[in-house]
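Presented sequentially are two complexes of chain A, the first with chain B as partner and the second with chain C.
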Partner chain A sequence: MLEARLSQAAILKKLLDAIKDLVTEANFDCNDSGIALQAMDNSHVALVALLLRSQGFEHFRCDRNHSLGISLASLSKVLRSAGNDDTLTIKSEEDGDTLQLVFESPNVDRVSEYDLKLMDIDSEHLGIPETAYDAVVKLSSAEFQRICRDLIILSESVTIEVDKEGVKFQAAGEIGSGSIKLKQGTSVDDDEATATSIELNQAVALTFSLKYLSNFTKATPLSDTVILSMSNEIPLLVEYKVSDVGYIRYYLAPKIGDDS
Partner chain B sequence: MPRHVQTQSQNDVLVQEAITTLRQTIQDDRHVSHSSTYHLFKDPVEINSLRKALLDWYDGHQREMPWRTPCGSKAQTSSVLPPSEKEAAQRAYEVWVSEVMLQQTQVATVIPYYKRWLQNWPTIHDLAKAHPEDVNKVWSGLGYYSRARRLHEGSQLVVRKFEGILPRDAKSLEKEVPGIGPYTAGAIASIAYNLPAPLVDGNVVRVLSRLRAVAGDPKGKDVISLHWSLAKDILDPDRPGHFNQALMDLGATVCTPQTPDCVACPIKEFCRANAEQRAQILLAKQKFLGTGNVDSPAMSTLDLCKLCPPLMDIEESGVKRYPAKAKKKPPREEVRAVCILEHVGAHKESKFLLVQGPKEGLLANLWDFPNIELQLPEPSTDGTGGALQSKSGSVIENIQYGTWKTAIDEWMGTHLNISLSSLQDENRTRAEVTVIDRMDLGSTLHLFSHIKRVMVVEHVIITGEIQLPSNVTAKTSTSPETLIKGKSKPRNAKEKTADTGVETRPLRWFTEAEMMGDSAAVPATLKKAFALLVKARNATMKTRKAPGNAQRKKRKAVDEDVEDDAGDVIQPEQSTPLAKRTQSSSSRTTKVVRAKQSRKGDVRDAGSQLKQSGIAAYLTRQP
Partner chain C sequence: MQLVDSEESASWFVDNLVQKDGSLYIFSPFDPLFLLLPILEKRRKKTSESPGIFLTLDDLLHDETYISLTRLHGLKNLPEKLLVICDSNVPAPGMQFFRLNDDKTLSWLKAKATRLLTRYNDYQMLERFTSGEKHMDETQKHDSRLRVVIRILGDCLPPSWIEKLRESYGFKDEQEASDYVYFDNVVKRPLSQKNTADADHPTAKKKKLTVGQRSLAKANREGMKSISSFFKK
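Let's look at the complex of A and B:
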């Protein structure tokens, strides 16, 4: 059986918010090291990979590896009934067909229990080839969110260019064009931890869908920083660390030249 | 118990120091996370309790092997007398044989060979008299035959020079007997003669690097000497043989590479890696759950460690961080000429020629387009780097279509008995097989874990009756053809053995649907090459000479209509993964209709010339 306890239901709420618009249903793979999810979005352009390590939970027990097929929309709805400070416990039996959620208010005077029906989801496990990325940019997650919000006014796609000097986000559309350049070592709010840093093997320039990137920025509340890893002609990796206990990673296929 | 209290507090010290190290990594400067004393054993109290804990465990948990003398609870005799000199010399021979056999080979495999060996040559004198061929015969199946030869020659030298008695101390063993290195010398001296000689093998490296959190490359010179000095410091002076075997057994059974069983470990209280793991959990809980602050001592900034690379991310910490992975070699680079040979028949769908991959090795048994490795020029020495040093694609500038085309001509000539170059000649008379069109499709790149493959692709359309041999021989199809003059690149031994054996490889014609469907196992390299053809078809549809075949024309027209959309990513109602995107034309047409209906969730960028690619093409499928 699986039994996992989080002291704050808000964490799971935020995680769900970060993926539910991309993926409607997915298998949560549970084993003794934690809970993982990997799924492609409906149009097979992006892939989201989520990991929560067991040590991040207040209590974690998983006797045997199993997968929980869950409708993310439904789970998200059920979670709305939990208070942010509620303690959340999720339970499931290996051969059961439901996921049990228990919310307890901070002084345990209100305990609510929900059983969410599980579903059989056929999912193909796709491996993500390990790559040494040519450019790895770490920046403030709030800044990244703002850039996406600002540029989507102009175009549906953004070109991200990384060179020695910094990282440049450019968009051009019918009404005009715009670009935002961040230099290394600078930060919007003068906070060391969120300063922009760049590790570069080779300059890169890639174009991505802004609609998807904006979608990814729903993970902003989970982490102060976001890491963009890029190599030419391969998918972009957008990673948000979840408080040292896990991560949420988005992979987005680039837009490519079309000669026709 | 007072001693218990002591080790308990010692462990707390380790955890606190681990917290300091990790904090340093995540909050301050990750380049100065610990001093070099972090890797040393602390004091005699720690060393003594560690030795006792490990030897106590060994007495109860040792692995039994025919070349070992059991001790502790598993001892068969209660004799405490030291063995006579003759007995010790015999033990030395046995340990030597076993240790040489155990190099690169697992214990379970070695046991029957060891027994057979000692039946044939019970003493070193018997071995010295043996015939080399008999030695090889008994060794046969263990691999690395030079080990057998060195053992045999070594025994002859020991008999001649030392009257059959292996020298006692590790230094002279290493110096006098060829084939005995520092590890075997340490094993013989400590196990057979019970002398305090340290030894370091893969298991010991793992145990020690975890005990003292050594994150440097274990193949690095300084890290090697650190491991040897740790092994020396920790060695029990009274029972060195047992202690060394205990370290190795711990590494083999408890402190394993992937799934260390820390709970069962007798010396976990002394282990810095274990302490770091616990520290990581404490820190994570603190941050995630907001539980109380964790204290840690200030860091000593004296004598900073220069061996360990900085820990880039706290998620990478933990027991399995140690030992560090030895540095990987960069991938080999190769260029292959790929020929997409399309055959247009009179009244049927056109077909593509595929060759099945070798029985084993890279892309084993997979069907791919005929491809020929091209020989690259040697990397130039003037600092500009070799052809592939520059960005992929620019290498192609150095390789003209006309040049590698001939490599394909040659292959076709040898294997299919088709002469492509002469067939294209306008003055040909009544040739049965005709080349309708032939063009360069450009290049594409595929990365294997150890090979970076650039493929230069051409498309050849032929028609007419063709007699196809059922297979080709592997040797000629994989050997590099000479393209540009220069020394041939040395290829690694493994691949060589796979290539030199002459192996027949089946050839077959596939329709596009068969090739892209589930019926055949095709590699990503085929898909990438084919993608170039699809792209070229779209681009040249209007200008390219249409083949004299109505059926084909119609099919192409459908393709043109379809590719534009089906090549797009919008297939919301389509549950099959994108990897299978390109399917037969009939099923594709229906898909387009669907895609158009659900245009709302479109990700296509209208203003831009770019097209959204699918993610699946970049992923590998797992079972």
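Let's look at the complex of A and C:
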């Protein structure tokens, strides 16, 4: 059986908000090291990988590997009834066909229980190799969200260029063009932790769909920073750390042969 | 060779093994000339001025796209068989050149048709086509059967040859009529229960998309490759 207790139901709420538009249903794979999810979006150009380590839970027990097929829309609806400060316990029997969710308010005067029906989901699991990326950019997640929001008015795609000076986001469309450049070591909100940092082996320039990137920024509430890892002609990795629990990673295929 | 889905047996038990794919490959004898006809036709490069070129067997069976064609070399008496539908030219001993001959091909096809026609009653699978024959006189019956036979041969023929064969029997411009006869006599196989259940499912499950999903669905994915092409399965 699986039994996991998360001190803040809000974390799972935010995670669901971050993936439910990209993926409608997915298998949560549980084993003694934690809970993981990997799924492609409908059009198979993006992939989301989620990991919640067992150490990140207040209590975690999983006797045997099993996989829970869940409709993300339904789970997200059920989670809406949880208060942000509630603790959340999820339980599932190995041969059961439901996932039980228990929300407890901070002073345990209100306990609500929900059973969510599980479903059989066919999914192919892709092996993602550990890649040494040519450019790794860490920046404020709020800043990244703002850049995507600002540039999407110009074009559907953005070119991200990284060199030793900084990172430049540029978009060009029918009404005009625009670019935003972030220099290394500066922070928009004067906070050391969210300062832009760049690890560079080789300068890169790649073009991506802004609609997808904006969609990824739905994970912004999970973390103050976001890490963009890039190498030419391979998928971009956008990673948000989920406090000390785990991470959510998005992979997006670059636009090749499209300079606009 | 044909892949046939067995309707009831989704899987087979073979000794202690379970073969999960219940479909069967069925082999039946097949005249290799049907395979060679399109190649011969294409390679002779016939034009209105010239009847086309002669080619050796090696040239005929060499094709970059269909490498396995050369395996037809192994067929017994292939040169003799080819003579049935080809003109041949032997400039020197041991060197034989072939060129497709339309008249020979037509008479070969007609011979096949006649053979099928004379043995029509022996074929069980054709029984269902005879159901509509009750009210026909002898000529109509013959014509109806001939159309079915041309259909059967047509499964193995390029469209241009189906047309030629039809013309030779005087069936030109009658395509719709013959389609009607053919399909009218076919008994539709009832859909199995499983299929109908599956068919009902997607409509019931069709969900409304959220704003975010709609926006993503509209995203321009030009130049983007599938993510699974980057990562191994």
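Couple of notes before you dig in:
The definition used in the following text is that the second predicted complex is superposed on the first by the 257 of 260 C-alpha atoms of A that agree within 3 Å, B and C clash if a C-alpha of one lies under 4 Å from a C-alpha of the other, contacts with A are read in each partner's own complex, and residues count from 1 in each chain.
Methods note: a residue touches a chain if its C-beta (ideal position, glycine included) is under 8 Å from a C-beta of that chain, and two chains touch if they have at least 3 such contacts.
Because the structure is predicted, anything quoted here is derived from the model rather than measured.
Steric overlap between chain B and chain C is present once the structures are superposed on chain A. By the document's definition of touching, of the two partners only chain B reaches A:172; chain C does not. Applying the stated contact rule after C-alpha superposition, one finds that A:58 touches chain B and leaves chain C untouched.
Shared-chain residue A:123: touches no atom of chain B or chain C.
Contacts of A:7 after superposition on the shared chain: chain B is touched, whereas chain C is not. By the touch criterion defined above, A:33 lies against neither chain B nor chain C after alignment on the C-alpha atoms of chain A.
Legend: residue contacts after superposition of the two complexes on their common chain; A:247 is shown touching chain B, with no touch to chain C.
In the superposition on chain A, A:105 makes contact with neither chain B nor chain C. Looking at the shared chain after the overlay, A:24 reaches chain C, while chain B stays out of its contact range. In the superposition on chain A, A:211 contacts both chain B and chain C. Put simply, more of the residues of chain A are touched by B, taking chain B and chain C as the two choices. Note: residues 40, 42-47, 124-129, 156-157, 207, 209, 211-212, 234-235, 251-258 of chain A belong to the chain B contact set and to the chain C contact set alike, using the contact criterion stated above. Residue ranges on chain A touching chain B, taken from their complex, read 7-8, 11, 40, 42-47, 53, 55-56, 58, 124-129, 155-157, 172-174, 202, 207, 209, 211-212, 233-235, 241, 243-245, 247, 251-260.
By the touch rule above, chain B contacts chain A in their complex via residues 26, 280-281, 283-285, 287-290, 314-315, 391, 445, 447, 535, 538-539, 563-564, 569-572, 577-578, 601, 603, 605-623.
Contact residues on chain A toward chain C in their complex (touch as defined above): 20-22, 24, 40-47, 73, 124-129, 156-157, 207, 209, 211-212, 215, 218, 234-235, 251-258. Considering their complex, residues 207, 210, 212-213, 215-233 of chain C touch chain A.
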